[in-house]
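Data first, discussion second: the structure below is written as structure tokens.
Per-chain numbering from 1; labels A, B, C, D, E and F assigned in written order.
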Amino acid sequence: MLLDLLIEAGNLKKLPRTGWLLRGVPNPESIADHSYRVALITLFLADELKASGVEIDVERALKIALIHDLAEARVTDIPLSAQYYLDKGKAEKKAAMELFIKTPNPREYFRLWREYEEGLSREGRLVKFADRLEMLIQAYEYERAGFADLDEFWGALDYLRESEFYGHFKELVEGLAERRTGR
Amino acid sequence: MLLDLLIEAGNLKKLPRTGWLLRGVPNPESIADHSYRVALITLFLADELKASGVEIDVERALKIALIHDLAEARVTDIPLSAQYYLDKGKAEKKAAMELFIKTPNPREYFRLWREYEEGLSREGRLVKFADRLEMLIQAYEYERAGFADLDEFWGALDYLRESEFYGHFKELVEGLAERRTGR
Amino acid sequence: MLLDLLIEAGNLKKLPRTGWLLRGVPNPESIADHSYRVALITLFLADELKASGVEIDVERALKIALIHDLAEARVTDIPLSAQYYLDKGKAEKKAAMELFIKTPNPREYFRLWREYEEGLSREGRLVKFADRLEMLIQAYEYERAGFADLDEFWGALDYLRESEFYGHFKELVEGLAERRTGR
Amino acid sequence: MLLDLLIEAGNLKKLPRTGWLLRGVPNPESIADHSYRVALITLFLADELKASGVEIDVERALKIALIHDLAEARVTDIPLSAQYYLDKGKAEKKAAMELFIKTPNPREYFRLWREYEEGLSREGRLVKFADRLEMLIQAYEYERAGFADLDEFWGALDYLRESEFYGHFKELVEGLAERRTGR
Amino acid sequence: MLLDLLIEAGNLKKLPRTGWLLRGVPNPESIADHSYRVALITLFLADELKASGVEIDVERALKIALIHDLAEARVTDIPLSAQYYLDKGKAEKKAAMELFIKTPNPREYFRLWREYEEGLSREGRLVKFADRLEMLIQAYEYERAGFADLDEFWGALDYLRESEFYGHFKELVEGLAERRTGR
Amino acid sequence: MLLDLLIEAGNLKKLPRTGWLLRGVPNPESIADHSYRVALITLFLADELKASGVEIDVERALKIALIHDLAEARVTDIPLSAQYYLDKGKAEKKAAMELFIKTPNPREYFRLWREYEEGLSREGRLVKFADRLEMLIQAYEYERAGFADLDEFWGALDYLRESEFYGHFKELVEGLAERRTGR
């Protein structure tokens, strides 16, 4: 039922984001912590895009943001080091399908999920942009607090700079990059 | 500007929900953890309401869910025991206003925030319903894990049962109540 | 009665000092941790003042130190970022009054509490000096351990340097400042 | 110097009370957390005794409470299971002596410490009473939160009941015992 | 080289055992915590078997115990809920192979690893027996401390009872089962 | 009997390594975490020594590694600061003896324990080498993650360089030293 799904989503609060954990951050953020800010970023960016005249379905974008990591409630946050050995994408796809069966509209949610995963829609790609941006803001926060060994994450800056949304959010992206350097 | 707001929203990941803390749950969920599931619940409930023919603006509801606790990034999660001594609502209102100034559209976000706080719209009231429901699901999870002393929280069941949305989500609410009793 | 108060004082062990938390220190000290060292510092400083011929009531100073943060058992450690939006002093005053009613001598304890809060007596002001000093020693410890982003706290050095007690404890204050710089 | 001692006292914030740890309480209270409430209890009990006409030096009692566990900043909280194999008392005595050398008045503080350790004065014995009472209040709090396996601690009730102070604080002690049973 | 492997093995200290985490145990044991006791159990059981006249290579058994979870340094402790969606065995096999390349004798270590994974030798099967037993002792400890919702784990009792080693360690297995029931 | 010992060994998972704790690392590794990697290092080094023609009993070395810190399940990880005041070696010796009584072969295990403690055999000395190396790898990991104030630990490099095993593992030791410097 839906209740089962909502209880299972509670796993996202308990599960740590393993990337930070493996670099020595004690008690790092949870997957839900991350997902929350991804959705918040999506909200502000989608609204700005719309105000700039870009055609974007804000509701759709928000829905995608909220469910884009839901499969991790079953699969956990499998780190990069593991992805050489197993097909994370495939696993999350299967898990997503089975989770959405517990919703009133499985097909729609799964479609939204694929839009993110496969970049099928502008909304899906915007959430991916928000996802990377969120990670970098968190990396910046951890570095500011004194944690080190996080250089690797900043490769994601390139992803942001090459994105179709970079033109709109250049100030945001470069503002973050400068803050980091200015430290 | 917006970047400052996004960084500040990171506080919600660091700040514990004090209600659990004060009842002896070690390392309880963060405010962001909670907000995430509130938004997820809002998504599913809003979609169901719409499918049932209830007039509801899903986008609006999702936006409200994502910003409803944002003021706590500055004010923190002030527990009930403190609310006898200070005006939490007023504090969060002021903080919300100043936070939203950093967004491209302060007036709109503040309006959305008030819809939640003051119950001005169906969407705002739905998020409050989701907020209470989320808390009870979490209480259930903590009790299932062995934590006790959480009876007080279950008073929120009455709130849910008297809500305008109870008719639509009776199964969900009573399903949760039964699971708890069945323990 | 008194037992209720003592149990409630247990909250001070569970509640984190939010200043550190918001700057990214994971699992920072509790309010009780802080209060303990404030009282210990007060003990040594009061004894030294007395030995130097300053008229000071050591017992009074120790009592003030032990109760100066007691109201936070209900109000929690509200951080600076929240104090723009609510009247922390007023809230703690009310909470202190209601807490002390559970003691055999409410009026006296409340008077002591006010001596700290309003700087009404030398003893009250000494505890405030100890309170700031304690915070800086903790900031030094966190920085030594690798945490950063704590510069803001060191503004309290000025407070110490302008205090009526600075002449007596210059060595202590400047010793700490030098250790920090020498890092 | 004194600064060294104050920094070293910071260890008491970092060190867990091992009794709880070994019974499975995650992230239990620190030694400083415990010492804080011992001193607070001492304050209220000493004031009550005095009001009842018992001759007691409140200042003395508070000083003892604040330094009674200071040696653990070097020796740590050695649990019962270890005390069969090493002489904790002797170790703490030596450590206390060396720590107090950093104070302006080593001899006096060491005397106070011995009053607690060896029960040489009414004030010293009162702090021991407060120390045991504090432990039981904490045990009660942990049990209320859902932790189990803490029966062993309650043997300390006998200590309290046989104490010279029991007559004065019977209500407090039995009130706690009843709360536990009433759970 | 070997140093890289040893540093990477440090991941096992940072990574939680997800089974406990998902059932609400805060800050549960690490994979290394678990592996340590598996190896310790293997030591005692292998020695006992040998003393009883069973032909067993103790050195071999210990080596297997120490490396049986090494692949999780890259793959993490993927919980049961994820194993429906991905081939954990295959992933760990590949990761194990690549990790052992950093040792002086890759082929031998990989063979040992397979003896555990595929049950190819008595020593490999003994470590699996020790692995399950370790998990149940941990479940017992968590339950004794107050955690609940761990029934599912006790299905592993059947595995132990059907094992070729049950005859030798019946007392151990049933002793644990009785302790649990006696709670 | 043996079950009691195995449960007691669970303490090693709960007890922090106090050296890190006292230098401000939050939630540092457990004693079991450390022991695990000591045993793993012992495994690889013993195998290499043997391959180089050094006469070494690998099984013996592994057994020693697994039990070398077992006494800390009762005595805890007493830090250096405490060792001026109590005889840690003597305490652990007594505790080890009493613990091993619960095993089928107390005399043998105690002998192995002494080989480590007193350096009576090449195997015992190799485990001590592994113990120090493990600590330095951990120090390196913590420093890499941003923690500071760990210089003191690196004095152990001298121990490694003067060891009889240094010739065989020079590359390993100096590789670690260089990584640290290269940071």
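Everything below uses one rule, namely that contacts are C-beta pairs under 8 Å (C-beta built on N, C-alpha and C of every residue); 3 or more make two chains touch, one makes a residue touch a chain.
Just so it is clear, the model here is predicted, and its values are computed rather than measured.
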Third chains touching both chain F and chain A: C, E
Remotest chain, chain A as reference, centres from CA atoms: D
Farthest chain relative to chain B (centres taken as mean CA coordinates): F
Which of A-E and A-B has more C-beta contact pairs: A-B
For chain A paired with chain D, centre-to-centre distance based on mean C-alpha positions, whole Å: 49
Centre distance in Å when chain B and chain D are each reduced to the mean of their C-alpha atoms: 41
Intercentroid distance (Cα basis), chain F paired with chain D, Å: 33
Junction residues of chain F - those touching two or more other chains: 24-27, 141, 146-147
Topology of the chain contact graph, where touching chains are joined (line, ring, star, complete, other): other
Chain pairs in mutual contact under the definition given at the outset: A-B, A-C, A-E, A-F, B-C, B-D, B-E, C-D, C-F, D-E, D-F, E-F
Touching residues (chain side chain D, partner chain C) in the complex: 1-3, 5-7, 9-10, 12-13, 27, 29-30, 32-33, 35-37, 39-41, 43-44, 47-48, 51, 58-59, 62-63, 66-67, 70, 103-105, 137-138, 140-141, 172, 175-176, 179
Chain F residues within the chain C interface of the complex: 23-27, 146-149
For the chain F and chain D complex, residues of the former touching the latter: 11, 14-16, 18, 21-22, 24, 27, 74-76, 78-79, 81-82, 84-88, 90-92, 94-95
Chain E-facing residues of chain B, complex: 25-27, 141-142, 144-147
